[in-house]
Amino acid sequence: MFEFIAKRFLWLIPVILGVTFFVFTIMYFTPGDPVRLMLGANATEQQIQQERDELGLNDSFSVRFVDYLKKVFIDFNLGNSYQTKQSVTDQILLRFPFTVKIALISVLLATLIGVPLGVLAATHQYSWKDNISMFGSLFCVSMPSFWFALILVMLFSQKLGWLPSSGIKSWTGYILPCVSIALGGAAGIARQTRSSMLEVIRQDYITTARAKGQKEMKVIFNHALKNALIPIIMTIGNMVGALLGGALIAETIFSIPGMGVFMMNGISQRDYPVVQGGVLFISVFFCLFMLLVDVVFAYVDPRIRSQYKSSKTKRRKGIRKYDS
Amino acid sequence: GCSSKKNDAQTEGAVNENENAPEVRDKINIAVDSDVGNMNVFGSGNTYAYISNQIYEGLFALGYDKEVVPRLAESWEEIDSTHYIFKIRKGVKFHDGNDLTANDVLFSYKLMQEDANYNQYVINVDFEKTKVVDDYTFELYFKEQNAYTFTNLSNVNIVSEASWTASPDKMVTTPIGTGPYKLKDYLSGSYITLESFSEYWGGEPSIKEATFTVIAEPSQKTTALETGEVQLVMNVQISDIGYLMTNSDYNVTLDTGVQSLSFFLNMNENSVFSNKQVRQAFGYALDNDAINIVAYDGYGKAGTAPFSAAMKDYSEKMVGEIYTTTDVGKAKKMVDESGVDGGVVKIATNGTSAQIAAAEIIQNVLSELGFTAEINNYDSATIWNVGSDPTQWDVLLMVTASPSGYGVDSMKAFLGGLNWSGWKGESFDRFMQLCKETIGANSVDASNEKAVDVVKVIEEEMPIYSLVQLANSYAFDPSLNFRVWNASSLYLKDLKFE
Amino acid sequence: MATMLRVENLKKYFNTPNGELHAVDDISFEIEEGKTLGIVGESGCGKSTLGRTILHLLDSTGGQIFFEGEDVTYLKRQKLKKLREQMQIIFQDPYSSLNPRMSVREIIMEPLLLKGEMKEDEMEIETEKLMETVGLESRLADAYPHELDGGRRQRIGIARALALSPKFILCDEPVSALDVSIQAQILNLMLDLQEQRKLTYIFVTHDLSVVKYISDEILVMYMGQMVEKAPADELFANPLHPYTMALLSAIPIPDVHAKNQRIILKGEIVSPINPKPGCRFAARCNYASEECHKQQYSRELSKDHFVSCHKAEFINK
Amino acid sequence: MTVNRRKRHKSQLKEILGRLSRNRLAMAGLIIILLIGILSLLAPIVAPYNFAEQNLKATYAAPSKAHLLGTDKLGRDIFSRLIYGARQSLKIGILSVGLASTLGTIFGSIAGYYGGKMDNILMRILDIYQSIPGMLLSIALAASLGPGINNAILAIGISTIPAYARIIRASIMTVREKEFIEAAIAINASDYHIITKHVLPNSISPLIVEITMNIGNSILAAATLSFIGLGAQPPSPEWGAMLVEGRNYMRDYGYLVIYPGICIMTSVLSFNMLGDGLRDALDPRLKN
Amino acid sequence: MSINNTLLEINNLVVEYVADRKVIKAVNNVSFTLNKGETLGLVGETGAGKTTIAKAIMRILPDPPAKIKSGEILFEGKDIMKMSEHKIRDIRGNSISMIFQDPMTALNPIMTIGKQIAETIGLHEKLSRAEAEIKAIKMLEKVGIPGERFSEYPHQFSGGMKQRVVIAMALACEPDLLLADEPTTALDVTIQAQVLEMMDKLKKELNTSVLMITHDLGVVAGTCDKVAIVYSGEIVEYGTTAQVFDYPGHPYTKGLFNSLPRLTSNEKRLKPIKGMMPDPTHLPVGCKFRDRCPHAIDECREERDRNVNIGNEHFVKCDIMTKEV
């Protein structure tokens, strides 16, 4: 296990370099000039060129890329934002906690709704319960998310006045954004839970558990759900992973200072240090998170755990081939 | 970063207070649409303007009616048009306790040169001669006579040399000025809280604490006003103005600002607009009122001259015939006479819905004139690159403004500096000459007089055309005595709940 | 009669994350034209790997393969193509060995199409002939494999193998997945075909009754190694290796009166990753002594009867 | 060793279609999709007005006989715009998914079939690719390509390639183990022949499911791009852009958001229902 | 044969599966009895309905798609189908337990084998968790697996060992009836021998009745007292093992024996049964074997009871052949 984790940490290096290169290239070829945006219409061409020189924007691709790598990996400095002049690292450290909070709360909510719904649908396949929960799920994933968010605001802030319409100055501010994100996620989790439960429920060991005289509820939750967990965790993990990049829509609508809006502004203002630093940070975090997901897999499933063990494990081909 | 997490008491308090009105309310929540970004003296953007106006002060400011209001200068004396002596107010303290001296003033003026954006305001200052006479006397020299110089100087805010050098991040997140409010709390991207400065030389303001909440989604600002989360909304979304106006729970103020929606015409060979008659015909065919109604729900003002009527140098004499007439028939005839027969016209916009709506009407008008127009939308970062490449557009929409508040100043920047239209030749030389004369005139009145000539040249050649003068809109709690401070800004010290 | 196939010291090792897996380790035999060599052994002992290596579906790690006297161990593309036309394979699993998206006709015709020597209608006729040969009704030509039962599917596999008129066919447990009643049908068909076409078979199986019925000679494998090889009747009448004995005694006999003494082995066959030298069966063998763990000892104990055991004489005394 | 477990198979395609046709949700989805498709093809005939036809005298007209669903701020007929908009939205959905699945299939097939080093390299590239959040990637791409419907298609397409590559790779890796591949090698089939005739046809079904579901997702993604100003631009009647534009008038002219919202939802829902149904139908384990 | 010696009695059991709107007639009118301490072999080819019968006895047929149309299953005189859910759970794993066809999939892959055995014990015996675990270790040792492997997972075991675990689990509560569904089909011959021997030993020790489901006549010969031959969901022949093996009565049984290659004989050709099992969705009327039967005559199409006792409780479901005999 340790070896596996260490290996994955080593993998971070090429990934980080790859991501840096990738984002750098995209931004390099993206038309648009950050300096014009900084200085406005009244700046003369000379001023513009001077500023570009200062920022090193007139250098060639390779010089700029190498400079950036030096700055990031030798000085450990992501630079300052062109637009706000604030340190990118500080800004990220300020915003990322919000993003993480929103991501975790929404995913928790989505899981709490999605998993039971999926189990219900799977255990009552083709019954009205199945149909309603699946149609409901489909309905939810099919809704444009900003539309849904705006509807939530109209209802809960404007009409009922229960919750603030924006901002996160108190915990109540987290409710609407998290609900708006969680809904689609819950639907996705419910669908995944259903299909992986359906698969597991048909396995012989479930019949074995029933044949022991075990109660149906326990068969479903102790035996079936635990075995169906891997793809469900995968879905949940992917959802968190995607949200680590920020929940742009929810952040915009509910005025949350998260990574999504930060990156979005960076992109639209061609604030290269922000975009590059932000993506780098997010992707490192993403990789670490995916590593965590893999560790969770190993925790959930002893078969996966044993694959990571470096000791010589017995491998049998057995009858795997014929029993599919 | 300077941040703190929650201070719920304040938002929720505001919600409650809204209902049990009688108590004295000394806190305000203001909705703004973007983060302030850099808070030192070099900041930019709307939100910055709202905030820096409370934190920093210059020697003098331009007030509600663009009148000059003394601030850190108690008085001044004009020796001649390039030489002034300022008396600095005594006993003024910075937020960090430092005392204001003339040295700080000189320091701040020199500081301005460091910034690519702000150095234009002190470009005319002759720093060789400018000097500190004593702690409270500051002698300022200009390089040459310039009608706009004094206005420009109102943009120079004063910081303490000691504080500036001590600041770890050049005050980007820790602004220190002499203004009536100081920074209390700032969460990047979310809110900025200012609190009144108890040692302010002009006495303490009635509102003790002001929170600027960033709400980027326009309709959410209105919602926040409705739910009582904010009491003042800067820049109400146009589509909500009508709704708020008909509702007696809110007051709405519309203020024609210096901005206008304009377009450049491509005067280079490759474009149909290289022909002067076609340009003029186009001007005659356009119905600015219709564009105002469609793009701005009628809350702007139809353009009457190349720049906004709110500019300081604007006068009725500038109103041009191409602006006031809408005569498609005449326009068609002119196009026929010009010998230009149809062609493809590319309209470039920055993709905002107002510009697109305007572009769509322009497209219609052009097709009536026999041209095929296509609309290309670019994002705001690329529109600049597109603008400087005249092969990519024929009509380029743009919001124009002038930092100094003078129309000719802005025309000089757009047509003389940028000159995306590619205006050349004798008329262009005349335009430049006239600009120079206007700006260098020995009195404001003389300057304004000359400005009319500048405008006439532009109206004749039509490299640029102003469609709509944009209005800034503000919605607020009726108990607030809100007024728009110069240049679409805000002066919190004068505000109170009644 | 001429020797069809000769294999000398053939080795096939796989690299696995846990080490080198000796799937086939030093196997030698030869088959005469028109004869059948049965290969038996338990799951994972390397039967299929041996077959696949001979067919060049896997690259050998060591040793030599001679086909009709010619060394074919390493071949260039063109030669390999020619060789493959001579050697075909029938698989165990009639489900995964047929492409579910192709009709019966397409499957049988594919080898002809790839060989590219026939015209469309010639191929059609040839396909029909092949179907008839293996006893498939011609109305099934446009059916898809999943519409058919295991027996018929296995017939398709046989027809496909016959399409290129090979001389040699590797049958990798062709009847293991079939019900007894169908199994008998297929075994009979294979014997008929062998007679008609003078085919040479290697017949891989784990079912000793089947192998006895169909083979002329039998090779017993254990963990990649050959433990015993003898003519079919000889092997059953006179098994020499303790493993062969255990294997034979373990076969359940469908006869209520047969009172055979089962030899129950301890432990199970494990995969031969980084095996130690010596006899691999020693760990489960009741007779194993020290020398068994040190090295293997193969010889021809009686005519054509090879055994790989130090104790063979001792046990069979 | 053998497990004597033999299943009886029936006509597969027929069975799948049969199962699908009995899934009411899936059929409803299919019918709605077909309806939308036909309607959008017949737009010039069906729509009472041209989508760009302005009438500055009848702006924000409420639904009436002349304008079934009312008009927008330029007095354009919303009903007609929605019909024309179906073209745009379907175009986005289908083309972006087509692009992503084609490229994904190529990557995935190479990685899955050849395995080993090739697989390793390609998969690591995808790792890097995927460690950048998808929405962020498409925003960056859309920004770099510039706004507009075609670029939105490119951006959405490119950012979803890895998902397809992984699916097809996984499914090819299972097919690769099947004995019929070995049989094909034994009869001298070339790699190309094997991949195109044997491997791909057998690994395509999870891809089809993914495609149907993702068409819906792409339509939603396009709407999101519009939300941040990068999708199809308002003169084009793409539903997402209409919805985004209309949200500003939510208070006064609710129908401006309701109709495009409903259109998006129904079409996305239909694709999802069809995709879900297909998945159930294709997975024999899920049949009852 | 006295009544109170009967442990299990099945009368006219009919089970159908409804899938894709098709009705699969899996079990058609099956009746048999099983006495205490006896082993009954249920022999038949794939799809004959063997597993379905066993699951019906445990009442664990998946519903949908399975439907028990009629019949009764009497266990110790009580009808299993009429029991309450609670009651049947008491019986499952306690009085009746089952070994599944495939040991590779019958164990929960993410639960230690010890826990899986202890679960059964905990459900039916009033023991603390620790006590249940001690008993589970004892069971493991009984089937020849060292007790210290208690906390290992199924994937760490070989096929043979897994099957032993399954057997340990099935026998943990000393059931009266063990339903062994092809317990050795998935195993190698030498392992099969090990497992069969162990089962034999334990069965004698606990005096358990066994329903041995298999398609291997060799296994039946070695382990069963009685045998029932199943074809297309029907029992076509039933008798003691000696009766059926020595004097097979039904043409199908005969065909089955003729299809087997035998070690002892030296025939050059087998005599297979022609054709295949009928499609369970379209079962022929009358004798289900008639299409493959070499002796079939027109009368075989008739729908009637053709069960014949050809001597001493040796039943054959064919009155044509037996008439001739």
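Labels for the chains are A, B, C, D and E, by order of writing; each one numbers its residues from 1.
Just so it is clear, a residue touches a chain if its C-beta (ideal position, glycine included) is under 8 Å from a C-beta of that chain, and two chains touch if they have at least 3 such contacts.
Chains and their UniProt names: A, D = ABC transporter permease; C = ATP-binding cassette domain-containing protein; E = ABC transporter ATP-binding protein.
The shown structure was predicted, so the numbers you read here are calculated from the model rather than taken from an experiment.
Engineer: Counting hops between chains that touch, how far apart are chain B and chain E?
Structural biologist: 2
Engineer: Once the contact rule is applied, which chains count as partners of both chain D and chain E?
Structural biologist: Common contact partners of chain D and chain E, which must touch each of the two, are A, C.
Engineer: Quick check: more C-beta contact pairs at A-B or at C-E?
Structural biologist: Output for the comparison: A-B.
Engineer: Provide the C-alpha centroid distance between chain A and chain D, rounded to the nearest whole angstrom.
Structural biologist: Their C-alpha centroids are separated by 21 Å.
Engineer: Please compute the C-alpha centroid of chain A, do the same for chain C, then give the distance between them in whole Å.
Structural biologist: Distance between chain centres, rounded to whole Å: 52 Å.
Engineer: Compute the distance, rounded to whole Å, between the mean C-alpha positions of chain B and chain C.
Structural biologist: Those two chain centres are 88 Å apart.
Engineer: Between chain B and chain D, what's the gap in Å when you average each chain's C-alpha atoms?
Structural biologist: 45
Engineer: Note the residues in chain D that touch 2 or more other chains, in rising order.
Structural biologist: As it turns out, chain D has residues touching two or more other chains at 1-6, 8, 143, 146, 229, 247, 250, 288.
Engineer: Residues touching two or more other chains, restricted to chain B: which are they?
Structural biologist: As it turns out, chain B has residues touching two or more other chains at 219, 379, 381-382.
Engineer: Specify, in ascending order, the residues of chain A that touch 2 or more different other chains.
Structural biologist: 31-32, 126, 150, 154, 202, 252, 268, 313-314, 316, 318-319, 321-323
Engineer: Which stretch or stretches of chain B touch chain D in the complex?
Structural biologist: For chain B paired with chain D, touching residues are 218-219, 222, 237-240, 242-243, 290, 293-294, 351-353, 356-357, 359-361, 363-364, 375-379, 381-382.
Engineer: In their complex, what parts of chain B are in touch with chain A?
Structural biologist: 1, 3, 6-8, 10-12, 35, 37-38, 40, 42, 44, 116-117, 120, 169-170, 172-173, 187-191, 213-217, 219-220, 223-224, 226-227, 229, 379-382, 384-385, 400-401, 403, 410, 413-414, 417-418
Engineer: Using the touch definition up top, name the residues of chain E that touch chain A in the complex.
Structural biologist: Residues in contact with chain A: 55, 58, 60, 62, 64, 89-94, 97-98, 100-102, 104-111, 119-120, 123-124, 153, 155-156, 158-159, 166, 169, 186.
Engineer: Give every residue of chain A touching chain E within the complex, in rising order.
Structural biologist: Spelled out, the residues of chain A in touch with chain E are 126, 202-205, 207-215, 223, 226-227, 300-303, 306, 313-314, 316, 318-320, 323.
Engineer: Can you name the residues of chain A that touch chain B in the complex?
Structural biologist: Touch list, chain A to chain B: 31-34, 36-45, 47, 50-51, 81, 83-87, 90-91, 93-95, 150, 153-154, 157-158, 161, 164-170, 252-258, 261-262, 268-270.
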